[in-house]
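Note that the chains take the letters A, B, C and D in the order they are written out, and that residue 1 is the start of every chain.
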């Protein structure tokens, strides 16, 4: 039996990190970006999935960093790696179909799991230009499953994102731009799509048929109704399984003592 | 003044090697295949073109082998190289347009400099299947100039080769197969073509307009008329400049004492 | 052996002309040729067209200083030291710059195609996204697709004729005038040895018509040629070389020094406005040269960033955590 | 860490089924997985489809033994130890094999595309040659272009739509069931370190659905991971590993042993006829295993081929000169 931590012993970032970590199975090949996804996957590597293979976009393959790299270009990424090379290798391996799971983030997500990291507002007249796509659409196009980790605000959970940076389950068919199931567009390259969104409110999954998001579990202290109110679209809460599994004390120890002792990505919870 | 060797001091292979070596200018980037081309280019490197850059097909870039490699895959290729890698690098560099000169061989050549290394006789019913193309068409497609080194026999110097393995000045336009100037087919990738054929009889070049071969120089002891008789096509001998420049004693010393002391590619001439 | 490829930092910046298309070594906040970027700003280079597999702080400096007309890439930011590219963002809002968005893999495959001498690449990434929205072809909207230095189309779709694998995205190889690389070692004849991840450096150097290499150290060519299989870029792809220690600061360099997170955070915080950028540039770029820039940074700061040679990173560097 | 990838030579050969498509490590007469090739001949594997960037002696052995139905490549021979592939030549004359000819760069770019997960490559090589003669599409003539494991077209032409650069050759990525690699070192988890030129090995491994690595030595994985930047193939691309010293003989291996030129010359001279091949196979393949093969070769021969570790080749090896 797992030794679960009490509510006051962990923060939201800890919860997200542990929930994300549980999305991966052992022996899978995982592509993770900078930040929380990196902590989540390294946590999995040090708990239930010791044989997962980690690919960083900048070019390290099957690395085993002893502590968290500050970004995927960091020297730490290379420690214990099977091969260190460059982006051509990383993206070729991904497009060739090796990747089981990708961890990503986003500024906005819509009901179909389309994610926007490019701009807030109209692309041609943006309120705020963001970083741009990075590898988000690529990892999401190539991997069998992707998991998004996001801050949950009503303005971020929308019916349709203003700019699809990264493809969800129903995407735009050009030149017309009508929404179609991604299976239609990707042909032989179709391998899957977003399998979960882990927000600061709950865990969400997608209906096989409609491709629409539904609520899977609520984080402790949140009700399904509250979470529905935090979305601009009509969130399906009929399938809620219960509460999101909370971190164990061992997971918290690994996060804060081994992986991120300097609180680069995950702050420690100060207890009374 | 160069100290030229006397007729009895060198063999045909020596003459070919020196003639081929003289085709390259200093600082050029050269792509050379296994065998005599390799000796020729390394001779140039050790005489008038110390700064030429040598690329071997298997993946060594700007190598400076102290002695002749037995093939382009040999460990010797890598000695003193700027980079050792693989075929993708070598062919990418070539297609990108870095190569000034390629040295090649062939079983048959035609009046337009098309070369056959694939089969003798009809392709669909061959008298003899040969090695196949290797990199011959590629180097010939990508380099600004190519030099062919060949055994001169009448059956090898033909009006049209039975199979164009490597493109000369007038090549086949598919699907019809009519002969057109290579400039028409290569578009932006057009950089040049065969600049010389060095056979065991003489040195041949190509007319700018017609793309047809003409005799440039005769090897010592051969007349232009004799050489014309050694071709199945009507060889233009109106522009002959004289005799092929013979090897110097220093060149012979480098070939036999430095580059190929074990007579792997070039036999020593036994005198008196 | 051959004529010297050595030039000075000033001369290197002069190789870049107003209107040149440019690319760089490195990845986000790693191994960016900052000393030369600063010199370009000092020399007030204008109308640059940056074509980058990904951007970073160097992009933000060039954009903030008004050097850039077109930015063709997929990402700009400072990783954990600054969420996004505030200077680019400001210029986009003011319509002072053209941004052409591709995905990261698209940019990588475009450079891989160019480095291979191919006209275009074939991929199946990012289908269904707004990256392929025909309304968002910004170079096309600006009438700049002349089919010479800028491709006639941002991309094209084509069905796979060989295996019926479905819709393919054809993306043009970029035409790049100059690549500026920032690496650990270069030999006198131009051979480059990159330590650690080489990112998209080999493709960048091969794609560009002219390659300038800025290195922590120029080493004897013969030293590098003793181990040809660990070299990264061959001699003949490099046109100019210069030695410039700590030339990547404030970005990091594997085995040599870490990212200066505090510097980047400060830059990010202070350059949201043009006035802020101009002040920052006055303090850190104008009136300085590379040595006086290092002197201004000071020994304690630089020693704190210095990588441990067993680890290849600095265990002392404050990572600018949250 | 993970379950062992180790198998025996016999088991490795059993991974290859009748009808499999196969590719190999190496280049012409270097680093060919001979021990496994011999075992395939012993096990009488049939109907193989070889797809190779280039062929060599190993092709000649498999073809001579009747294992191969289709050979798709650009070159076969023994370099200076035998002018051409006499077994292939004989089978071509007898119409006992289908040969699909591409150019060397086309084969390389096809594998590079496959390794990148692209459906096809775009190139401008070999335009105007009979390689593109539509009458010479041999898999098409045989009705084998099903668009599944064999592409619907040998190649297609298309005009460059981006820069008007003219006619492009589109060439399909190959579908390869199994790559058999012969290298210096493999780690217990599959990481491969190739010393010297890596030829087209990285692309071969990534292209194939299953990759078998035969190494001179299996080394601790952790040893290879101390220097990730000099490894060649990542762990997860490798499915099976086996240790097989001198497994490339009679071909050579950088840093370990030279090509056995005398062996190849003898093979070339004696296998012009099928009877000659059968005699040669009786003497050197059937009834032997890898160790008895080495014993038959004998110590003096193998010590003569052994590479000098400073030079990476054998200064003693007779090169079989003219």
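Definition applied: a contact is a pair of C-beta atoms (placed from the backbone, for glycine too) under 8 Å apart; a residue touches a chain by one contact, two chains touch by 3 or more.
Just so you know, these numbers come straight off a predicted model, no measurement behind them.
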Those chains which touch subunit C and also touch subunit A = D
For subunit B and subunit C, let me know how many angstrom lie between their CA-based centres, rounded off.
-> 41
Distance-wise, how many Å sit between the C-alpha centres of subunit B and subunit D, to the nearest whole number?
-> 27
Subunit A, residues touching no fewer than two other chains = 60, 78, 84-85, 88, 91, 94-95, 142, 188-189
Can you list the residues of subunit D that touch 2 or more other chains?
-> 109, 112, 116-119, 123-124, 160, 163-165, 196-197, 229
Every touching chain pair, please?
-> A-C, A-D, B-C, B-D, C-D
Contact residues on subunit C for subunit D in the complex?
-> 109, 112-113, 116-124, 147-148, 151-153, 156, 160-165, 168, 170, 172-173, 175, 195-197, 229-230
Subunit C contact footprint on subunit A (complex, rising order) | 34-35, 57-60, 70-78, 84-88, 91, 94-95, 118, 123-124, 126, 128-138, 141-142, 163-167, 171-175, 177, 180, 182, 185-190, 262-265, 267
In the complex, the residues of subunit C that touch subunit B are 1-2, 114-119, 187, 189-191, 206, 222, 224-225, 228-229, 231-237
For the complex, which residues does subunit D have touching subunit B?
-> 26-30, 53-55, 73-77, 79-80, 83-85, 88-89, 92-93, 99, 101-106, 108-109, 112, 123-136, 157, 160, 163-167, 196-203, 252, 254-255, 258-259, 261, 307, 311-313, 319-322
Of subunit B, residues touching subunit C in the complex | 27, 29, 50-51, 53, 60-64, 78, 80-85, 88, 91-98, 142, 188-189
